[in-house]
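In what follows, a structure is listed as structure tokens, so that the remarks can point back to it.
Labels for the chains are A, B and C, by order of writing; each one numbers its residues from 1.
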Amino acid sequence: MSDPSEALASAKAAADRISKAKRLNACLTPIKDLRKSLVAQAQAAHPSGVLYGMPVAVKDNICTLEFTTTCGSKILGGYHSPYEASACAKLKAAGALIAGKTNCDEFGMGSSTEHSAYGRSLHPFDKTRVPGGSSGGSAALVAAGAVPAALGSETGGSVRQPASLCGVVGIKPTYGRVSRYGLVAFGSSLDQIGVLGRSVHDAARVLSVISGRDPRDSTCEDRDSLRLPTVPESLQGFVIGIPKEYFPTDLDPAVRRACDRAIRLLKELGAAVREVSLPHTAYAIATYYIVAPAEASSNLARYDGARYGPRFNGSEDVRALYRTTRGEGFGAEVRRRVMLGTYVLSSGYYDAYYRKAQQMRALIAQDFRNVFDRGVDLLFTPTTPTPAFKAGEKLDDPVSMYLSDIFTVTANLAGLPAISIPIGRVKGLPLGGQIVGQAFLEDEMLEAAYALERVVPALEEA
Amino acid sequence: MSVTHDEVRKIARLAELDVAEEALPVLAEQMSRILEYVAQINAVPASEGVKPFIPGPDAVRFRPDEVKPSGLAFGPAELAPAFKDGFFLVPKLGAFEEPEL
Amino acid sequence: MPHGGSWETVIGLETHVQLRTASKMFCSCSAAFGAPPNTNVCPLCLGLPGALPAPNEQALKLAVRAALALSCTVHPRSLFARKNYFYPDLPKGYQISQFEQPLSTNGALSYLSPDRGVVTATIVRLHIEEDAGKSLHDRFPRQTAIDLNRCGVPLVEIVTGPDFRSPHEARAYLQTLKQVLEYAGISDCDMEKGSLRVDANLSIRRVGQSALGTKTEVKNINSFAYVEKALTVERDRQMAVLEAGGTITQQTMLYDSKTNAVRPQRSKEESHDYRYFPDPDLPPLVLSEEFIAEQQTLLPELPAKKRERFAAQYALNMTDAAVITAERAVADYYEAVVHAGADSKTAANWVMTEVLADAKDHGEALRVPPGALANLIGLVRGGTLSHQAAKRVFAEVAERGGEPRNVAEALGVVQVGDTGVVAGWVSEVLAANPTEVTRYKGGEVKLLQFFVGQVMKVSRGKADPKLVQKVLEEKLAA
């Protein structure tokens, strides 16, 4: 696309499609505002950009100039960011259109998008179910065909898990591949902006554009943007490891069947497949639920009603302002995690929890290095233990919600890239399979994903 | 690992979060449950001498000492819930508290 | 001043020093003092969602130099850490500082104690951190006004051991610290502008007791003079409490300069738990050996060394050397004057008197260029100007510039040093005063001064009095 009239047509069509998908409560931007903005953006977009005219929705925890940034929270209700995320600037420089903000679990904390202050998002194929989270809005919008791609964010699997549940592609880059400047921080040493897309190609193209150096983010590596590989003819020469800890005996049989089928296809593509072990996998959730809340408790301290955002009630003194704003502005899950994080960092508990968790993290990262050092190129695992669950099913017990991240958190803890692609259906519901790659070798991971995507019967029952 | 109501109150104060008295029992119970779950990492002895894993660059890069425009599309006055004469306004410190110096 | 009884005072100091950089520690906002409120701000120092820190290279260099100037061990690897607490002028809800692995430790600074001679204070640590904004509590009724301009300005925190044994010593150390840091170009160290701030810990114990007493923290000290006053007041308070049989409560005491008293700070519900942890937004701070060595070479000659060298090289006594090296700008000026050809002792006198007096009245400016001063000193030495005349010329050059010789001529103060001309005047005077000549030759040698006076009159003050005397003596002897 290089013609301004095409970009304009694309903008209007996107607004129409997003409007049609309204019932999903996936897009938080009022349609009128969205339409107006898309048209204006189409007129200003760079025609020579590689994504010219492509509408890309953006998760509401990523700062944009065009629309508000609420992070799915009341505490940032109506907040207009006076600057935009580096990833959004890069999208626009490539000619893409920011197609509204998508619903998410508050501040990225959740696995179902039920913890949004703006209502839950619906699963695109079954309104009684969740689209996953925390990037549920982005996943639902892509799955509904409203946009070809959307930005999400990952801390423990929040792009891959909803991708799996909604039947779309979800990519988490290597930590440090994409600038976090303008991504509202949750777990700083885990967070990355990721991409959801209709296909590996769509998602990868967008990832390539938003990746690359950014001096404003000290944790972003000084590298060029991601170079995209071509679709390989075969996977000859690839060694794919199957970590046994991700295929426990109590794994849902349908999920197992879908994975077995995918593995068989990988072999038919010419890859060598072997069983490997990541022995500390069992401790990953526990490690994650110490490190992430700890960092979150510090990152969320800035939300106090003093300098931006809404204020809650006339407070007699400044401490009352803080406590009321935060007590009322944060939802239950966020409050719980902030409390947890504060606890594990507090005097007397720091060594037993936070310091120990950081050491566990090193062991988990070491597990991956050990496997990759022995000639394995990639790993294949299920993305989620089940397909989309029913809304309300996991709300009573926080730990049970946490366990749905069981196959995804390890990549965040180890800083590795990972991708989920649809590999089948379970009783009509989509299911994803995950490929985990080596640090900064996204191209190999994408090659395998391209190849598998072409042959896997993603719409067929497992 | 049981978290007492008092500990919950103390953590809430540190985190500047209002927690209603009625909410204390559930919160204490949930926190206890989660902490009990995560405490299982203490079962792994091998991590004693291990250095923490820090993803990202090995060393921080430094930026030249140059003054640059703020990159703000609009200023504090438009952002702030309360602003006067160029200052952010918040309620005064409580009667029990003295200004930090 | 020895305190009564057998008490020993133990003081430790924590100093925060703003580094002389153009931009802030973690963002590219201006670090300049005095801008209108909330105009030097950006997403980071406003604590906006999504903002991230990017550390300042010059701040690091200055911090390393400061550490080296204080003989600290600079660690090749250190970590930034978050210090978490809530306060209106702390927009992120945490301060980026250093905790478990600071930039440097184990330094020392020698200073002249009024009680104990030359003493060495231990520097336990020097680390990098960012400053907070400013809260104004009295500007609006029932509200606190917040200005975030200062938020993020680079600081080093310098912590001593419990090394000082009197308030006077604490002050002397601080003055030496200020001098060293100014010399090294690290900071302006201006307590009025807040680029140097001090908090003190003070306890007392019986002489001979090795355990430390309970200490209090003393804050709100805004000048070097107040350092001494505040610590004296707190020491006396603790002595009174202990002598009356009471115990010292560990607490923060605030100094009030208007009443010269300390009082306990109203405390919050519980003491801070800062929940320090390494900042995940900042990779480790890694320094190469070459980098550290380079910072060492970029340190100028420090005050103690310069003082010793001046005394030896320029044949000055230690007191004079100390005066001239008190400030680096003055020391450099002095050396420039000497290098331009002036006699080192004469130059020293001029610097300590005329130059410093003029500087004091003109915002510390050294208004007469070193070459001009050297010139001036030469003119006096060569007899062209009397010392008095030279002072007039100095003042004129300071105010309006110009070449000393030309200025002297314009002022009409050039002495005549031409022997022929002087001889002419002498002859004139001797001829006009025959009685006195006879009396002189008869033994009244005091009359020499009369003749000198007469010659000065005849020459309208232009004759070089030393030459006049010489010629008179010769002629009268003949």
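Here is the rule we go by: a residue touches a chain if its C-beta (ideal position, glycine included) is under 8 Å from a C-beta of that chain, and two chains touch if they have at least 3 such contacts.
Keep in mind it's a predicted model, so treat the numbers as computed, not measured.
K.L.:
Please identify which chain has its centre, taken as the mean of its CA atoms, farthest from the centre of chain A.
P.N.:
Relative to chain A, the chain with the farthest C-alpha centre is C.
K.L.:
Of the chain pairs A-B and A-C, which one is connected by the greater count of C-beta contacts?
P.N.:
More contacting C-beta pairs are found at A-B.
K.L.:
Using mean Cα positions, find the chain sitting nearest the overall protein centre.
P.N.:
B
K.L.:
Would you kindly tell me how far, in whole Å, the mean C-alpha position of chain C lies from that of chain B?
P.N.:
One centre to the other, that is 40 Å.
K.L.:
Compute the distance, rounded to whole Å, between the mean C-alpha positions of chain A and chain B.
P.N.:
The answer is 23 Å.
K.L.:
How big is the gap, in whole Å, between where the Cα atoms of chain A centre and where those of chain C centre?
P.N.:
That gives a centre separation of 56 Å.
K.L.:
Going by the contact rule already set, what residues in chain B reach two or more other chains?
P.N.:
Only 14, 16, 52, 54, 56-57, 60-61, 63, 71-72, 75-76, 79, 82, 88, 90-93, 97 qualify.
K.L.:
Touching at least two other chains at once: which residues of chain A meet that condition?
P.N.:
Chain A, residues with two or more chain partners: 82-83, 189, 215, 218-219, 297, 301, 304, 306-308, 318-319, 322, 342, 346.
K.L.:
On chain C, where are the residues touching two or more other chains?
P.N.:
As it turns out, chain C has residues touching two or more other chains at 43, 46, 48, 54-55, 86, 88, 144, 146, 273, 275, 280, 282-283.
K.L.:
Can you check the complex and tell me which residues of chain C touch chain B?
P.N.:
21-23, 28-30, 36-39, 41-43, 46, 48, 54-60, 80, 86-88, 135-137, 139-140, 142-148, 219-220, 254, 265-270, 273, 275, 278, 280, 282-286
K.L.:
What does chain B use to touch chain A in their complex?
P.N.:
On the chain B side, the touching residues are 3, 7-8, 11-12, 14-19, 27, 30-31, 33-35, 37-42, 44, 46-48, 50-57, 60-61, 63, 71-76, 78-82, 88, 90-95, 97.
K.L.:
Under the definition above, what is the set of chain A residues touching chain C in their complex?
P.N.:
62-63, 69, 71, 76, 79, 81-83, 85, 180-185, 187-189, 215-219, 294-295, 297-298, 300-304, 306-308, 318-319, 322, 342, 345-347, 350, 354
K.L.:
Chain C touches which residues of chain B in the complex?
P.N.:
10, 13-14, 16, 52, 54, 56-68, 70-72, 75-76, 79, 82, 84-93, 96-101
K.L.:
Sort out for me which residues of chain C touch chain A in the complex.
P.N.:
43, 46-55, 82, 84, 86, 88, 91-94, 144, 146, 273, 275, 277, 280-283
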